[in-house]
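Sharing a structure below in structure tokens format, with a few things to ask.
Per-chain numbering from 1; labels A, B, C, D, E and F assigned in written order.
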Amino acid sequence: MQVTISRKAHFNAAHRLFNPNWSDEKNFEIFGKCSNPNFHGHNYELIVSITGEINPDTGFVMNLDELKQIIQEQVDDYLDHKNLNLEIPEFKNLNPTVENISVVIWSRIREKLDAKLKLKITLFETPRNFVEYSG
Amino acid sequence: MQVTISRKAHFNAAHRLFNPNWSDEKNFEIFGKCSNPNFHGHNYELIVSITGEINPDTGFVMNLDELKQIIQEQVDDYLDHKNLNLEIPEFKNLNPTVENISVVIWSRIREKLDAKLKLKITLFETPRNFVEYSG
Amino acid sequence: MQVTISRKAHFNAAHRLFNPNWSDEKNFEIFGKCSNPNFHGHNYELIVSITGEINPDTGFVMNLDELKQIIQEQVDDYLDHKNLNLEIPEFKNLNPTVENISVVIWSRIREKLDAKLKLKITLFETPRNFVEYSG
Amino acid sequence: MQVTISRKAHFNAAHRLFNPNWSDEKNFEIFGKCSNPNFHGHNYELIVSITGEINPDTGFVMNLDELKQIIQEQVDDYLDHKNLNLEIPEFKNLNPTVENISVVIWSRIREKLDAKLKLKITLFETPRNFVEYSG
Amino acid sequence: MQVTISRKAHFNAAHRLFNPNWSDEKNFEIFGKCSNPNFHGHNYELIVSITGEINPDTGFVMNLDELKQIIQEQVDDYLDHKNLNLEIPEFKNLNPTVENISVVIWSRIREKLDAKLKLKITLFETPRNFVEYSG
Amino acid sequence: MQVTISRKAHFNAAHRLFNPNWSDEKNFEIFGKCSNPNFHGHNYELIVSITGEINPDTGFVMNLDELKQIIQEQVDDYLDHKNLNLEIPEFKNLNPTVENISVVIWSRIREKLDAKLKLKITLFETPRNFVEYSG
């Protein structure tokens, strides 16, 4: 009897899309305004979804206070109000697209979770664009 | 050619999280403010999702008027403006976490549906926490 | 040059609508399911709006960190996960309708604000019902 | 490493639900107010979800500018501000239920996509009713 | 001590924008796709806001059950699933723009309200366009 | 008979909060993480509200296509995917708080509007913080 429980969170960050192996012209051709060298930014809205069995003692798949603590440490403290390109090691050589950010967040939360639980990340870059990643 | 059709609904209820086998201290340690013996409450927002084939005569997976009637009887009349711990038989010996409420709602709707249809419940306890259950 | 800045917050609570001068029948006639003696509850979503001049040194009408602290102490710590009828002194003799809750919240925040600032409260009892109060 | 990227879009249209093989009475019995011969209408909110591998050069599953162009041509230019029953060839002999509209949109976008990508359509007929279709 | 209480509602309708004193060319020049003679449609989302004193016996500005009944009769029964141009007398000689629809709804609700109460209508034609009218 | 019509729009930008007359310590004390010298960013959601008489020929307060064009030129082309501190002249000596951004947007749209129309700007910096400015 698998149930999925989800918790919303959010952070703000600056980034630019950029491939260092390409010319500036090629970067602008592919990434358009998103390659602005002065950066732009987003309010990232995050949904962390955990799937597992209901614990009969608590009625919980996972205590949300524990999940909130993991999100605080792995996402909020690490990414909020940061420049993703300049300040986050994972993006030194990885383009901070919403796809790649979701993979980074998934990995950071995954390592803090019980192996029996499944994890899915939904990440909104804007209210109109979002990605889902389940490992 | 399977299509999923979803209908939103909502109800309000009071509850507390509580395990009668534990001391008050242990209940407070695990459930925090949610174990307040005077109860607190939520606006539960519900999404009922039905998967099946499109009927070629109607173009419907299921007539939404029929689904609305089932939700009215199985969820709204049964749970709306109720105290889940005190008034709902399923929670006499089951902690009314959002996980367990979703399982109860799933079972109540499942028994009214054609066996060929699949059912998934999404239940928001707050705009920031929600669960999904598919049986 | 008056600007209004708003901050959203939220809390959960149980309540019942009840006039102790009326019979149970009259209470049920006027308040319907909302007079359930076992209580029901809501996720209250709150918008606190502050109007004033922009401070030329900060570019702020008011520092939102300071406003968040006031909301935390005056609303969240005081009302969240509470039974409004049983646990909140203001509602010992005042019916906890969304109108009256908004007036109580307005008064509690008003006394912590600089007299030059105007205050408006918007309080959602459900996503479909809300009140506004400006003193 | 499959990631799903989604883009929201929207269009407005008029329609009526109607089965030409049935009497008007039977149409009204099954479709109710939705069979009004003078038509009614909706704001359709669309989510187009594409699943595939992240391209290591771009960090994209698919360039959203390309996806926006496909949605513009296949959905917006074709359906926006139209009468579905009278003006859209697919619905000459197909009831324009939200289920059938989602299948038509899926087919129109599918033929423009790289075969390696998976496609899912989520279509809201109202903020309270929606369907999902993945082929 | 004036408080404003608001209630959300919704209806669907078909319409076209059209000035019978103008040529078809002029109608298309001014109204664009909205002048399609085959009609298009919208999900209209409505907020009805009532301002008045709190009744000390009930704690209500106005009983929402009474307001829901007025909205049902004056808006839902009258406009839902209708063709505004063909079926609603007010629009026989009045262009059914969202501005004019809000004025019609305001007038229909106003005549059912106590004279001491103030009324404001907010009407969303789409999630991105809306009007406000207070008489 | 004054009616207000509103149109939603959006743009993304990077910024930092910073007062050049203060030390870095004082900037961090007042602006916290928002003073990160590497910038952070937001999805700004904008509501432009125009109040005026309904034109009896069109049924419009203002043609929304014209308003969309003004927003495109004055806001989107000017601010979208920009670094507010480095690239927007108005913020060379003005802290790009959401209050000050709303005043800049108001001024840019105001000068393109007919003098008989009133203008109000609502600007969301995040889904939880927003300002309103009416001149």
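Some observations on this one:
In this section, a contact is a pair of C-beta atoms (placed from the backbone, for glycine too) under 8 Å apart; a residue touches a chain by one contact, two chains touch by 3 or more.
Since the structure is predicted, the reported quantities are computational estimates derived from the model, not experimental observations.
Between chain A and chain D, the least number of touching-chain steps is 1. In summary, the pair chain E and chain F forms a contact in which the copies contribute largely different residue numbers, shared numbers making up under half of all those used.
Farthest from chain A, judged by the mean position of CA atoms in each chain, is E.
Across the two candidate interfaces, C-F and B-C, the one carrying more C-beta contacts is B-C.
With every chain reduced to the mean of its CA atoms, the largest distance from chain F is reached by B. Chain B and chain D have Cα centroids lying 29 Å from one another. Taking each chain's centre as the average of its CA atoms, chain B and chain E sit 34 Å apart.
Those residues of chain B in touch with two or more other chains are numbered 127.
Chain pairs that touch one another are A-B, A-D, A-F, B-C, B-D, C-E, C-F, D-E, E-F.
Residues 1, 3-8, 49, 54, 57-61, 63-65 of chain D are the ones that touch chain A when the two sit in their complex.
Across the complex, chain B is touched by residues 10, 12-15, 33-34, 36, 38-43, 45, 80-83, 86-87, 126-127 of chain C. Within the complex formed with chain C, the residues of chain F that make contact are 17, 19, 21, 30-32, 94-100, 102-103, 127-134.
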